[in-house]
Every structure is written in C-alpha cells, then in structure tokens.
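Look for chain A in each of the two complexes below; its partner is chain B in the first and chain C in the second.
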Partner chain A sequence: MAAAKQLPGPQDLSDDEREALEALLFSLADDEFVIAERYTEWQVRAPTIESDISVANIAQDELGHARLYYDLLEDFGYDEPDLIWERDADEWRHSTLCELPFEEGDWADYVVRSFLFDEAEYIRLQALEGSSYPRLADRIGKIMAEEKYHREHARSWLERLCEDDESRARMQDAVDRLMPHALTLFAPTDEDIEARIDDLGIRTENLLTMREEWLDEVVPRLESVGLHVEEAQLPEQYDVHHADFDMPDELGRDQSHTDAWFDLYDEFTKSYRELGRHEAAKIMKDPDDE
Partner chain B sequence: MSSEFDPDPTEAQYCAHTDYSEGTAHEELPATGEGSVGIERDVWDALYTVEDPEMPISIVDLGLIYAVGVEPETGEARIDMTLTYTGCPARNMLRDDIRSAVEAVEGVEDVLINLVWSPAWSTAMVTEQGREDLRDFGLSV
Partner chain C sequence: MYTRTTGIKMQSIGGPIGKWLLTIVNGREMDIETVKERAGPREFSAKDDMPEEYRKAATRMIQFHANSEIMGAYLERPFIRQAPSLERKLAFSAKTQDELGHGQLLYRAAESLGVKTRDEMLDELANGEGKFLNCFHYPMESWVETPMIAFFVDGAAMRRQATLKNTSWEPYAHAMDKVCFEEGFHVKHGEAILHELMTGSKKEQEMTQEAFEKWWPRIIQFFGPTDKQSTHHGFASEVGLKQMSNDELRRAFLNSYVPKAEKYGLEIPDTPRITKNDDGTYEVNEDDLDWDEFFQIAKNEYEPGVGQIDGRKKAQEAVAWVRESMDKHEQTIYGGGESPQAAD
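Coming up: the complex of A and B.
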C-alpha cells in the first residue's frame, strides 16, 4: 500500500483531519475504557486465583491503552473531565460488546467476550502501526506487545471451557449472544468520516477488510473447539464473502447504545457527580500536562 | 485443535506456559549519560537518585530514561522517558520524583518531561548495574 503523506502535529491539522482523528481516537479509547470497566467486575469473583489476577491485570492494561489514546485527544485541548467524567453518555463511541453486563456468574461470557475483543483489537492495531499520524503510530508497538498476552489468555481459556458438553453449551450461548455485538467493533462512526480516515492513511486497512480478517481468524478457531457461528460461511481466504450478519439495533460507534451502557455510565460517574466535582481529583500533576 | 487441559486430576498438568519475550535491543539504549558533561552530567546524576517505586533500582538503570538535554540559554532541562508498561500506576509519582530531583540541579530553571512509547521498553533496556540490583532484590532479568 502506498505510504500516505505524514500528517502534521496536533496544532497544525486541518479541521477535516482533526475530525477524522477524533472519531477514530474516541472509538479506540472508549472501547478500552469501557471494556476495562466491565472486566473489573470479575475481580475477587473469577474462578481461580490465577484467572482473578489475570483479569485484573488485563483490565489495567486496557485502561493503560485507553489513556494512551485519551492523551492524544488531550493534545486537542480536552481535559480528563471533558473526555470521561463530564462527557454525556450518548456521546461515547465504544462498541456495544464492551458495555453489555456479564451474564451473572458466567465465566464463559468473559472468555468469549475477551476472545472476540482481543482478536479484533490485534487486527486493528496492525492497521495502525503504519498510521500517517506519527503520534498515534509511535505508541502502537507498545500496546501490541501487551495485547499478545491477552490473546494467549483468551485462546487458552476458550479451549479449556470447550472440553465438556455442559461447559461448551454455555460457551455456545455466549457466542450466540455476543457475536452480533462483536460485529459492531467494525461498524462505522459515520461513512464519510471512515472513508476520510482511510484516505488520510490514519489507518491502513478499512473496516470491511478488517472485519473479514477478524472473521477468518475467529470463526475457524471457534469451530475447532466445537462451537458454531450462525450465518457464517466457512471463509475462503482473500475473498469478501461473509453473509450479511444481523446487526443489533444499537451499534455503539454511531453513539447509539443499549440501556446497559447508561446504567454503567451512571455507576462509574456517581462519585464524581455526588461529590460535586468539576475536575478530576489528582494526587499529582500529569506528565502530559507539562 | 487439541488442548493441554486434562480433567483427570491424577494427570494434572501445569497451566499453559507463557513465553515472555525479551524485546528488541536498541543501539543507543539504555541511555546512561555516559560521556555527558556540565549541567547535563548533573541532571543524569540527579536522575540516578530516583528509584522505581516498587524495586530498589534507579530509573536510569531500569532503562526508563531515553534522553536528556539542557538548553544552555534558558536552563530548561528536557527529559525523554518511557514507562515499563502502559497501565503503570506510578506514572504521576515517577514524574513528580523526577521533577523534584532535576529541579534541584544548579543551573536548571525548568523541567520538561516528555513521555515517549517508541521504542517500547523491554528488559533489554536494563543496564548491567540494574541487572545486579534486581538480582540482589531476587529478580533475574
């Protein structure tokens, strides 16, 4: 692919360039922040002490990744309250996969969700390594190195939970429930803006191609452990052929969300609101505020 | 795909082994301030006094500092640094420790800390001295 022209620093972008970057960065950052928020619900509740520590650590990594993307949005003048604590719930752009509550006590839900998410994230990161926006491209290698362990963790649990029939049946339920929402990871924020993100080389693969790559990765892997994906035809490489899947009513990316999101948002902003805060309390200043 | 998991407890196996990659070595890293002179030398010396909050190792020997420069006219010290991982909870604490240490250097008027993520930190960035300090602490890298 021809290398796109390098974009300038944050202060020298045109309005169109900045709008495209913001849409992409909010999608990336919000996915990480919201899924981490959900993952933390497993702390002290995961089935083994190792998995408990793993899920806590993965949540912390995802928050770290969210921060790396939010830092880039702060370049445009936003501060932490603008980005998180005071941003209206209906302005968030994360995929609905990240916001759904876990089925109560269902570790299969966590395993399937993290598997679908981490495989998608890896494909998305590969398309950002060569981004024309240097401040974004620079941080992708670090994130990918951490994501490698997340994929390994999810894949290993995927296999273990498909070892017996009862457990596999619960995994299948989770796949049926979560798959439509996972597809929203590749839904557009807005068709024009997505096309501009590609034209400007901010991302080196478009959403449709990434979705195909992701299906080619996750569908055979799910099938290899005895799970199946409704409507998915067996993929043939390099061919755009997957059936049109049914998408949920709310896509997330376009700022439409399920009711579960509004409840989650109320929960994690509760202390901030009830204490009457107008700025994020910090023990120390942030290095990026320098 | 076969699984290593075996439900028979008499044949229990350890859980999957994770291979932690060493990461890539970079010619110019770790930066240690070797050969620096004047105020820059003093800044490096100040940075050596700052320790990781969790381990008794200097942040320079841990390989977190990528570059130091002092503007002779303004006395502005610029520190390029990274963190071991993106979710590092000590981000602000380290920054504050670094700022206090460098501000105390004679001739430094201002401190600019620039957080960078490329090249990504890995254990390949730990100096020989750092490896020794970590070994004393019970960690082998």
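Coming up: the complex of A and C.
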C-alpha cells in the first residue's frame, strides 16, 4: 500500500477523518480500560505474591495505555467524564473478550485472556506505528515496549500451565469460552468507517489481514501446548476456513455487549455517581509533557 | 538480581539446617544478657546466632507487620475498581501492589529468623491464626473511607515504621527503608483524596466527616493499648526490636494529625476525649475507647474481620491448583531439588 498522506492536527481534520479516528481510538482505549478492570480483580487474589505483583503491573500498563488513547480523544473537546464516567454503557466499543467475568480462582482465564489479547495487541500496534495521524503514531513506541513484555509473560504462563493434565483441562475450558470473544477484537465498528480508517492510512493493515496474522500466531501456539481450537484448521487453510468461526451475539465493537458489562460498568462508576461528581481528578502530568 | 521465591519452597538461609550451620560456625547461641547489652540499631543479622526467645519475638513482630500489609491491601482492593478517576484508579492499583511488595519483603525478613517459612505464615493468616492491625478488621464501604486508611492509618503506620529503621534485626530495618519510602507516597495519595473530598460538594464533606467519626477511635487504637496493658512490650524494647512505646507513638501521632485533620476541615469527635496539654501536645482519654472490641479483634474474633480473613482464604484456596501446578513444573525441571525460579 502506498504511504498515505499525513493527516493534520486534531483541529484541522475533516468530519470524516475525525469520525474514523474517534472510532479507532474508542476501540483502543476501551479495550485497554476494560481489560485492566478485569485484571485488577486479581489483585490480592492471585496464586502467589509474585504473580499478584505482576498482574498488578500489567493492569497498570493497560490503564496507562487507555490514558494515552483517551487523552488523544480529549483533543476533540471531550473530557474524562464524557469519555468514561458519564458515557452510557451501551456506547462503549471494547471487544467482549475484555468485559467477560470469570469464576473465582480461574487463573486459566487470566492466562488465556491475556495471551489472546496481547498477541492481538502486538499485531494491532504494528499496524499503527506508521499511522498517518502523527499524534497517534508518536505514542505507539512506548506502548509497544510494554506490550512486548506482556506477550512474553502470557506465553510463558501458557506453556507452564499446559504441562500437567489437570491444569491443561482448565486451560482448554478457558480457550473454548474465550476464543469466540477474542475474535471480536477484529470485528468492525462499522464497515464503512473501518474502510475509511484504512483508506486514510490511520492504520496500515486492515482488520481481516490482522485477524489472519493473529490466527497464524495463536492457533499453532495453542496447539503446540496441547490445546485445541474448535473449527480451526491448519494455518495454511485459514484463508478458506476462517469464516467458519462462530462469533458471539455481542461483538462489543458495534456497541453490543454482554450483561456482565453492564454490571461491571455499574461497579466502576459507583463512587463517581454516589459522590455526585462532575469531574475526574487528574493527578499526573499531561501525557504530552511526560 | 534477587531470587523470586515461589512461596512453595523454603528458600531462605534460615530454617533448621541454616540454624544448625550457624551453630557450627559460631559455636553457641548468644545469651539474652549479651543481646540486651548489644541491642542497637541494625545490630543483629543472620550471621548472629540469636537465642530462641529473640527469634520468636522478632518473628511475631515482623509476621504481624507482613500480615497487616496483605490484609490492608485486601481491604482496599475494591477501591481500585471504585476509584472515581482514571489516574486515581492507577494510583490505587499501584498502592495495592506496593503493599503486596511490602508483605513479600517482610515475610522474607521474618523467614530470615529461621522460625517459620513464608508458607507457614501465609497458612496461619488464612486459618485465622495470623494477627494483623486492628483497622484492617473493619469493613470499608465507601470511597470517602479511603483516606481514613490511606491518610490516617498509613500516616500512623509511617510513624511506627520510621522508628523501626533502627530496630535491632537488620533485615527488618532494611525492609523498612523501602517500605517507608513508598509509604510516603501512599500518605500523599491519601492526603490528596482527603483534600479533594473536603473541598468538594457539601455532600462529600458531610460523608467524609461521618466516615472520620466512625474511623477516628479505631485509628487511635492503632497504637494498641497503653504500655501497662501491652504484654509484649518489655522484652521487645529491651532487645532493641521495638524502638518507641505505644504511648509515645500515639502521642506523636496525635500531635501531628489532630492539626492536620482540622486543617482539612474535619471536626475531631467528642469521644474519645482528647485534651491539650500546656505545651500544646495532645493526650487521649483511654477509658473512652472500646478495649473489649479491640481485644476481640486482637484474637481474630471480631465478626467483620473474620469475614475478611475467610474471604481471603477462599480466594487463596481457589488458586491452590495453580500453585500445585507450579510445584509439578518445578519438580519436572529441577527434579524436586532446590529451584531458583518460579513463574511470577
């Protein structure tokens, strides 16, 4: 693909350009925010003190990434309450993988979820490094560095928990449950807008290509540790067969969500509502000054 | 690089074998009189062959401290989710993570005494035998309660911990260097939340005052009973483990925190009665505090606290399968011998 021309700064975008950017940024920011919300649930409940500390670390990285993406949306005149605290639950665009609840103690859920997410995240970030929107492209390097570590972490847990039959069975359950939702990471917000994101060069790979790339990465890895992916065929056959994957009813990206999301939303907005807040405290430096 | 222990295998140089080796090297245990004579800041470490009485007293103290870090984090964790701003959420997650890190460090310092392994101490905590700070036995329901812990309780803890930089067990003092450094940030974080609430809407201010009234007596009891009633104080002071008495610490806390509370617009409740001395220092009327409740808590028999202990136990049991799987992994790789690494 020929390099697209650079987009101007936030104030000089056309309506179409801005709409495309917003759809992409909301998908990115909401994914990070919501998956972090689930990760923090492991704090003070992880299997060991050491794993507790690392899941906290990863959750904070993801929250930090969400912060960077939401900050880019603030360029368009939104503030944090518009973006998080007062935005209706049915306007969020994260993949349903991020929002699903898990059973107490289901560490396999954490491992599989983060594995599926981090592999996707890595591919998605590669497609943003050369984004035509400089404000976005500039932030990818920092995020990418942290995501590389997350990917290593998830891969090593995946291998370790598949060594014995009992824990591998738990891992298989998690794969069966999470895989369809992970596919929604590559679902479109809206077909037209996704095409525009690609045409404008905001992203250098389209969703379908990224999904193929992701499947080529995750399916062989899962199979190499003795896990099975329903409906998946050998890698070279994906082109033919990927359409056979069952997608869940709720895709997330198109603002449809599972019931669990609405409960989660009520929980994390509880204090904000109880206190009758209208603003959200900023206590860190602006990302542009960091 | 430090070794990350799994919590599954004993890794420290303590334990019966470590102690036996030390006895070979040193010949004999230090007697109590020598310990008392030498007791000074950071005087003793694993290279000294400390008498059992010292090792047990130090273990009790450090284990209590480590348990408190874990149970404090357990109490605060719902507020990672409930934080009303993205950056506050980040800060709360980081604070909780720090507390776990302190627990990790302190259990290691306790293990170095060779009395108990970390696993044993964590088991005791789960079984309701492990003791921890009174304040962490109470439930927390609302965001307005968070500065009661993060500002007042952590501030009180800072007082005590600062003196422990001079405790006679060197690994404990060493742990305090890092703990105090990080706690400084936690107290600032708590203070900023308090400031935000007390400059917020009238409703927020009222809710915060109400929370303060509920927590204030518990916070004062943080320092424990008066020295007359404290059972372990004498020996711990004599061997340099404890640096300041309960009474001294409580007074120092009041002197600094009564003005701070007032500065933020909080009204000090009428009970317990607090009197101001001629020299401007504060004194609390101890008889106004509920010591029955305090001692019930100290025995881990206070209902809400029992709920917290059991809740944490249940969460830990639910992930026991992961620890077992990690054990099998280590046995496969290291053939059941000593293993240097585990998943984190």
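Here is the rule we go by: the second predicted complex is superposed on the first by the 274 of 290 C-alpha atoms of A that agree within 3 Å, B and C clash if a C-alpha of one lies under 4 Å from a C-alpha of the other, contacts with A are read in each partner's own complex, and residues count from 1 in each chain.
Everything below uses one rule, namely that a contact is a pair of C-beta atoms (placed from the backbone, for glycine too) under 8 Å apart; a residue touches a chain by one contact, two chains touch by 3 or more.
Keep in mind that this is a model prediction, so the values were computed, not measured.
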**Item:** Which superposed partner A:L68 touches (first chain B, second chain C, both, neither)
**Value:** first
**Partner chain(s) touched by A:F102 [first = chain B, second = chain C, both, neither]** = neither
**Message:** Looking at A:F245 after the superposition, I want to know if it touches chain B, chain C, both of them or none. Which is it: first, second, both, neither?
**Reply:** neither
**Request:** Please determine whether it is chain B or chain C that touches the greater number of chain A residues.
**Result:** C
**Asked** Which partner does A:R139 reach: the first (chain B), the second (chain C), both, or neither?
**Response** first
**Request:** Figure out whether A:E166 sits in contact with chain B (first) or chain C (second), or with both, or with neither.
**Result:** second
**Asked** Between chain B (first) and chain C (second), which, if any, makes contact with A:P47: first, second, both or neither?
**Response** second
**Asked** Of the partners chain B and chain C, which touch A:F76 in the superposed model: first, second, both, neither?
**Response** neither
**Request:** Have a look at where A:Q60 lands relative to chain B and chain C in the superposition and call it first, second, both or neither.
**Result:** both
**Asked** Where on chain A do the contacts from chain B and from chain C line up?
**Response** 50, 60, 63-64, 67, 156, 160, 163-164, 282-284
**Message:** Quick check: in the complex, which residue numbers of chain C touch chain A?
**Reply:** 4-8, 70, 73-74, 77, 79-91, 93-94, 96-97, 100-101, 103-104, 107, 142-144, 192, 196-197, 200-201, 203-204, 207, 312, 314-323, 325-326, 328-329, 332, 342-344
**Footprint of chain C on chain A - complex, ascending** = 33, 37, 40-41, 43-54, 56-57, 59-60, 63-64, 66-67, 70, 80, 84-85, 104-107, 156-157, 160-161, 163-164, 166-167, 170, 267-268, 270-272, 274-277, 280-284
**List of chain A residues in touch with chain B within their complex** = 50, 60-65, 67-68, 138-139, 141-143, 145-146, 148-149, 152, 156, 159-160, 162-164, 221, 224-225, 282-288, 290
**Request:** Would you tell me which residues of chain B are touching chain A in their complex?
**Result:** 1, 3, 5, 7, 15-16, 18, 21, 23, 85-89, 91-93, 95-96, 111-122
